[in-house]
Structures are given as C-alpha cells and as structure tokens.
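Below you'll find the structures, each written out as structure tokens.
Shared between the two complexes below is chain A, which pairs with chain B and chain C, respectively.
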Partner chain A sequence: MSDFSFWVILSNLLLATRWTILLSLIAFVSGGIVGLALLFARTSGIGWLQNLTKGYIEFFQGTPLLMQLFLFFFGVALFGLEVSPWVAAWLALTFWTSAFLTEIWRGCVEAIPKGQWEAGDVLALTYFEQMRYVILPQAMRIAIPPTVGFSVQVVKGTALASIIGFVEVTKAGTMLNNATFRPFLVYSLVALIYFALCFPLSYTAKKLERRLYAAR
Partner chain B sequence: MPLVDISKVTKSFGPTQVLKGVSVEVERGDVVAIIGKSGSGKSTLLRCINGLETYDDGAITVDGMDVGEARKKKNLRDLRRNVGMVFQQFNLFPHLTAEENVMLAPRVVNKATPGEAKVLAAEALAKVGLSDKAGNYPSQLSGGQQQRVAIARALAMRPNVLLCDEITSALDPELVNEVLRVVEALAKEGITLILVTHEMRFARDVGTKLVFMHQGKVHEEGPPKELMAKPKTAELQQFIGSAH
Partner chain C sequence: MRYALQFGDLLPYWHVLLGGLIFTIVLTLVSTIVGIGLGTVCASIRAFGPRWADAIAGAYVELIRNTPFIVQLFFIFFGLPAAGVKLSETTAAFLAMVINLGAYSTEIIRAGIQAVPKGHLEAGESLAMSRIEILRYVVLKQAFQKVYPALCSQIIIVMLGSSVVSQISAEDLTYAANYIQSRNFRAFEVYFVAALFYLVLAISMRAILRGIGHVIFPKA
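Our next item is the complex of A and B:
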C-alpha cells in the first residue's frame, strides 16, 4: 500500500492530465466548428432551419452531459458500431459544447445593431457575406470573453468521461484511490489539477472582459 | 418609362395601414424630395423601393425590375446593386476604415480586384471631400464626415438611384450643410435622388419634384418652388408653416 508515494500518485495524475487537456482541446475546437455552423443556421432567418437548431440546442442544454455520454457510448453500439470511450466522449462533448457556444454567440450576433444588417442589405450583400464581413468581425470582439469563460466548463465536463471508462485525470484518481485508499489526498490533487487548468482560463476571460469594457 | 415607378402601393403594420395607395413616378435625373409629418409613411415608402420593407399591394419597379417579384424570389441582389441608400444613423461599419467601408461592396458584390476597389473608393471619397480621411475609422470622424463616407460607400456601387432617408436629421446643426452640399453636387451631376427630408429650403432649391405625404397618401406633388409658394391644400400649407 505504501508503495505508492506521494510523487508516484502525483506523476500518475499528471500523466492522465494530458488526456484531460487533449480531450478538452479537441472537444472545444470541434464544438466550436459545429457551433459556428449552427450559428449560421440559427440566425439565418429560415424558419424550419432555425427551429431545427433551436431543438438541437434545447436538447443538449436541457439534458445532463452524463446522459449524452451514455447515449453516445451505448446508443451507437445499437447500430452495430463499436465505440471507444474516446470517440463517445469526443462526440458527446462536441455536441454539448456546440449547443452552448451557439447560444453564446447568437447573443453576440444579436447585440450588433440592426442598422449594420441593413447597411449590408442595401449594399446587396448576401446573408453569408453580411455575417462574414460585417457581423462576425464585430460580434467576435464581444464573444471572446464568454467563449473563453465557457472553455472552463468544457474542461470540467471532461471529468464525466471517466464514467464511460475514459482514463483522464478523474478516472486516474479513482484508480489510484482504489490502489492506495487515500481518497482525500488523491482527490485533493485531482481538484488542484483542475483548478490549475481552469483558473488561468477564467482569469483570462475576466481580463478580456475588462479590457473590452474599457475599450468601449 | 420612369426609372422608379411606384404604383398604388399599400402597406400595413398590423392593423395600421401606413401606405394607402401611393403612386410616384421618378424620372432619370430627378431629385425627388419627400416631405411630411412623422408617421405619414414617407420612410416606409422609401424602404419599399429597395426591398428593405415589403408592401402588400400595388407595384414598384426600378429600372424595369419588379421589386415585389424580386423579393418573392429572394433575389434582391441586382436590384440593390442599382439602388444605393444612405441612412439617418449612417450605419458605417465601425471595424473598417473609411476606405474599407467604401471598398467592401465593390469587392464582395461586384468582385472588383483590390486595386480596382481602391480606385473606386478614392474616387468616391474625393467626391465627398474626404480623401484625407481614407484611413480613419468611423469613430475618429465627425457625424458629418461619417455621413459623407456613407454617401461615398453608396456611390462606389455606381447606383442608378440613391435613396436618402433623413440623412441630416441625426447631425448637429453646424454639420448639416457639409452633407447637403455633397448631395447638391450629386444632384448637379445628374444622379437620380429620392430624399426623405426635413430640410425645406434644400428641397425647394435642389429638388425637381416635391412629394408631400399625409396620412399614408400623396397629398400633393409638383415642382417644389410652385408647391411651396402656393400650396393647394391646407395640410401642406400648415406643414410648410410649421417647418419654418
């Protein structure tokens, strides 16, 4: 039992942290890409498309991430496809992230005055051109702080992937606890690691927010 | 055939009918000043011409293009290439410099090369007397200068007709003239202009046609000087009286 020194526990946790970081990054990037596509659909002004995206967002915002992980992990298997915890976690986190980012960004797009759209309209720009050249460059500025802030949620969300057997830092903590029976030490370290990952993000978000506010 | 032909146009916002069968003909080179009290439907009429607003009945054609038809087909691009518009609130793109504001539509819509667009922008900015402000952002310009950039932005598309929606109403009094002077120069060049305006003197001196709207209808129209000197109706007389 005492084979596991503090340093062994910590180094094992840190090794597993790589996967937390990697999963967070991948989920955030692919969630962002899907979210951007959804944003176009959500603000397109095309009724059925907007309703479809709205339903999608409601679903992923209105159900626990854990359920979504289960659905992807066990659900896809129903179609005869073998899903690794990696893929299931990646998919679930991508959809979940995209739903939240779309809503955050929609708010930013809607904060741009109507006159900007009209100016684009009368210059014969299409909807895509208006978004690309007029709206998004302005919306992006206000979107950066809440987007960075939301990345904290993604990092913490990856912890749930431990339940479907994805070995990231939480799962590693559980395994180390089983071997060492030192739950307080192990989970304190796990919590510290999450904090070390998340604090710089939320700090940056706050800084950006303040700078944006000052620039106005 | 008139360049802009507005025929018996009606339009309601909910239960309120704001346009009650409006007909106006605008010939090439005309400078049409639309005047009237707020709520008379003049801005709505203007916004119907380039499809910013829908109308319920009647017809509008611009250069032979049917606006209602184009809206239905969701193909307003050709129409809007030919119809420029300037707003009360300028609506410049704040993240772009004056020059970039002017270059955007020629680049994106007309597929001009960066070189061509730069030349167009330089021409348009020179026309409004702001060549030296090309690199400035809108926030670094005065209201009058911003509005002139907005005019240049519309001109760079070489429109057949320019719609001006109370373009001096948001300006400080001392900045009104520099914008009006630009518009007057455009009128002299022969650009077709339709202006919703409160500048009565400008309407009289520069306009070729005055349209007085009252309660969603064209109440009186005709040559500005004549109409202002001898209004036929009590409403116009009262409006002219209250405006100055």
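Our next item is the complex of A and C:
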C-alpha cells in the first residue's frame, strides 16, 4: 500500500507546485490590471463611480475567498457555461486580488501631497495625464513594498482553489495522503513548499520597506 | 439567463444556517481572545526575552505567516494524529485558528512595542520597576493603543479565513452552506446568502471593535 517512497511523494508535490506558481502569477497579473483600472475609478472624484468601486471592494474584502470561489464556480454555470476549476479559480482570485491591490494603491496615491495634483491642474493636465505623469510615478515608489507583501497572500490564496478541485500543491498533498496514509510527512512537505515560495517574497517586502524608510 | 434563482428553497434550512453562523462567531471570539493572548506573550518574548526564545518565537511567526491556513489546518487535523495527537474537528479548528492569529498578532503587537519610546522604559527602570512591571504598566498599554486598528483588521481577516474549517467538517457557516446545497442543489443561492452573512458579520465586527476601541482608549 505505501510503496510510495519519500522521493516519489516529493517529486509529485514539486510537479504540482508548477500549477500553484502559474495560478499565482496569472491571478496576480490579472488582479493587478483590474486593480489599476479600479484605482482610476476609486480616485476619479466622480461620486457614483467611487461609490461603486467602494462597494466592490467592500464585498470582496468582506467575504471569504472560499465563498467567492464557490460563487464563481456555481454562479457562472447558471449562465449555461461550463466552468472548469481553472477558470473559477482564476476569476475569483483576480477579483479578490484586485480589491486588495486597489485599496493598497489608493493609500499610496493619497500619500502624495495635494500640491502635486494642484501643480498638474495649473499645467492644464487632464486627470489621466496627472495620474500618468505626476502621481503614479511617485506613488509607485511607495507602493512596491506592500504590493510585494500582498503577493504572499495571493500564493497562499491559491491553496483554496484545491477545494473546488484545482490540482495544485495542497490538492496534490491530499491525493498523496489518500494514497500513502502518511499525512504527517505529506503535509509537512506541502507546508515547506509554501514556505519556500512565500518566505523570499515576504523577506523581500520587508527589505524594500526598510530601504524606503531609510531613504526618507 | 434561463435559470430562475430560488432563494425560497433556503427557508426550511434557516436553523442550519443559524447554527453555522453561531459556530463561526464563537470560533472567532474564542480564537481572538486566546490568539491575542498568545500573541502578547510571544511579542513580549521577542522584545524582552532571551535570544534563544526570540529565535523560537520568530521561527513560529515566519512559519505560520508564510504557509496557507488550510495547510496548517490539515497538518493539525490529519498530520498530528499520525504523531499520536488525536483531535476532534472542532478542537482542531479552534487550535488552528489560535495558532494562526497568534502568529499574526505577535508581529503586530511587536511593532507596537517597538514604537514605545525608550525613555519610557528608562523611566520605569528608574522607578525600580521590575521588567514584568514595566511591560505590564508602561509598555503594553501604549503598544496596544498604537496597533489597535491593525489588530482589528487582522481579527476580521481571520474570521473570514475561518470558512476553511468547513473542510475538516467543523460545523461553521460554510459547512452549513455546503450541507444545504447538498440537500436542495441550490448552490449559487446558498453560497450567495452565506457570503452576505459573512459580509454583515465583517461589517458589524468592524463597528463593534471600533466601539470597544473608543471605550478602552478614550483619547484615541
């Protein structure tokens, strides 16, 4: 029954890690794109647009990621479309990530002194020009550490995709555990793999944060 | 869309949802109290304890913060019995929540402790206070006041994260939703309502925690 050697378990987990990494990357990039669009809406100064974005953020930050996964998995199917775990996980993680990134980036945009906006106004720049040439280049500098820090949450968030049947490390761990009955070993390895993925990211975030404060 | 949403099918199961909601609230409440207690102890050790204890507490924090909650939960529920520690799903859920929040609150409270001016510690020493007294009367209150908002956000994040305990059959709100949809097959409606429950819970927790903050730290 447990003919699986340590190396077989480890190599299977590492193979599944590809999908964790890929899903994390895709979710982070598409979440970043949606988040950037929402950032423009959130800071646009147009009342109804800001409120709409606020509601969106409130919903995705105020409900569990697991619920969002279920809602996309079962919700899109209501439109008569076949949803694979891939698509549901990608959609849910994208919306979830975008909500958090928008809030993080809004904080960075608001940290830019008001005089910078006024200077843009004086030069007759449009809102988009002000963002593009004045505000975002400055906001980006302070946005990098928390953004890198949040990427850790995205990697950990992909673990929940296992629940809707997406085979990444956690799901592979569950399957290997069912085959080998060695839960202590399997889940220790799974945890170590996540640690190996996440620790460099959180370490980098901390270093970047220190450097930013030192520069001031 | 040809599908007609039927929320009415949930009504016969209202008590299941209510039971799940209560479990989630109790789970959050207990793990908040115990977890922040654990976090306070670990943060104090990290700030004032011997170097070896600081290293152990630091390893604990990093290990928990860099692995997903679901893996921690599976390790405790499936992994520990292999090492001779058998836990019921409810105990495992509570334990995992406490360990998880403990690690995050350690980091938050430590930041608060570091923000306390050094002169305050020296003032305590010059009054011949012991280290524990300085910690108790000088450092911790200020530290908590400084990081209270961050701590509140973390409590809400942990509450939302608790939906994962349904995966080891702890009977929380998500478990209730899973149960109902397995009976009436109205998956979208059930999860939508459960998501709204979580949303209302998160919003009201934020309001309650803010109110508590005004009472404990009147000036802030």
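Convention: the second predicted complex is superposed on the first by the 216 of 216 C-alpha atoms of A that agree within 3 Å, B and C clash if a C-alpha of one lies under 4 Å from a C-alpha of the other, contacts with A are read in each partner's own complex, and residues count from 1 in each chain.
Just so it is clear, a residue touches a chain if its C-beta (ideal position, glycine included) is under 8 Å from a C-beta of that chain, and two chains touch if they have at least 3 such contacts.
Computed from a predicted model, the values in this text were never measured in an experiment.
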| item | value |
| --- | --- |
| First (chain B), second (chain C), both or neither touched by A:S5 | neither |
| Contacts of A:N51 with chain B and chain C, given as first, second, both or neither | neither |
| Which of chain B and chain C A:F74 touches, first, second, both or neither | second |
| Comparison of chain B and chain C by chain A residues contacted | C |
| Partner chain(s) touched by A:L66 [first = chain B, second = chain C, both, neither] | second |
| First (chain B), second (chain C), both or neither touched by A:T170 | second |
| Which superposed partner A:F195 touches (first chain B, second chain C, both, neither) | second |
| Which superposed partner A:P137 touches (first chain B, second chain C, both, neither) | first |
| Which superposed partner A:G115 touches (first chain B, second chain C, both, neither) | first |
| Where chain A meets both chain C and chain B, residue numbers | none |
| Of chain A, residues touching chain C in the complex | 58-59, 61-68, 70-71, 74-75, 77-80, 152, 156-157, 159-160, 162-163, 170, 173-174, 177, 182-184, 186-188, 190-191, 194-195, 198-199, 202 |
| Chain C residues within the chain A interface of the complex | 1-3, 5, 62-63, 65-72, 74-75, 78-83, 160-164, 166-167, 174, 177, 181, 187-188, 191-192, 194-195, 198-199, 202-203 |
| For the chain B and chain A complex, residues of the former touching the latter | 50, 52, 76-78, 80-81, 83-85, 87, 89, 91-95, 104-105, 108-109, 153-154, 157, 163 |
| Touching residues (chain side chain A, partner chain B) in the complex | 113, 115-116, 118-119, 121-126, 129, 133-134, 137-138, 141 |
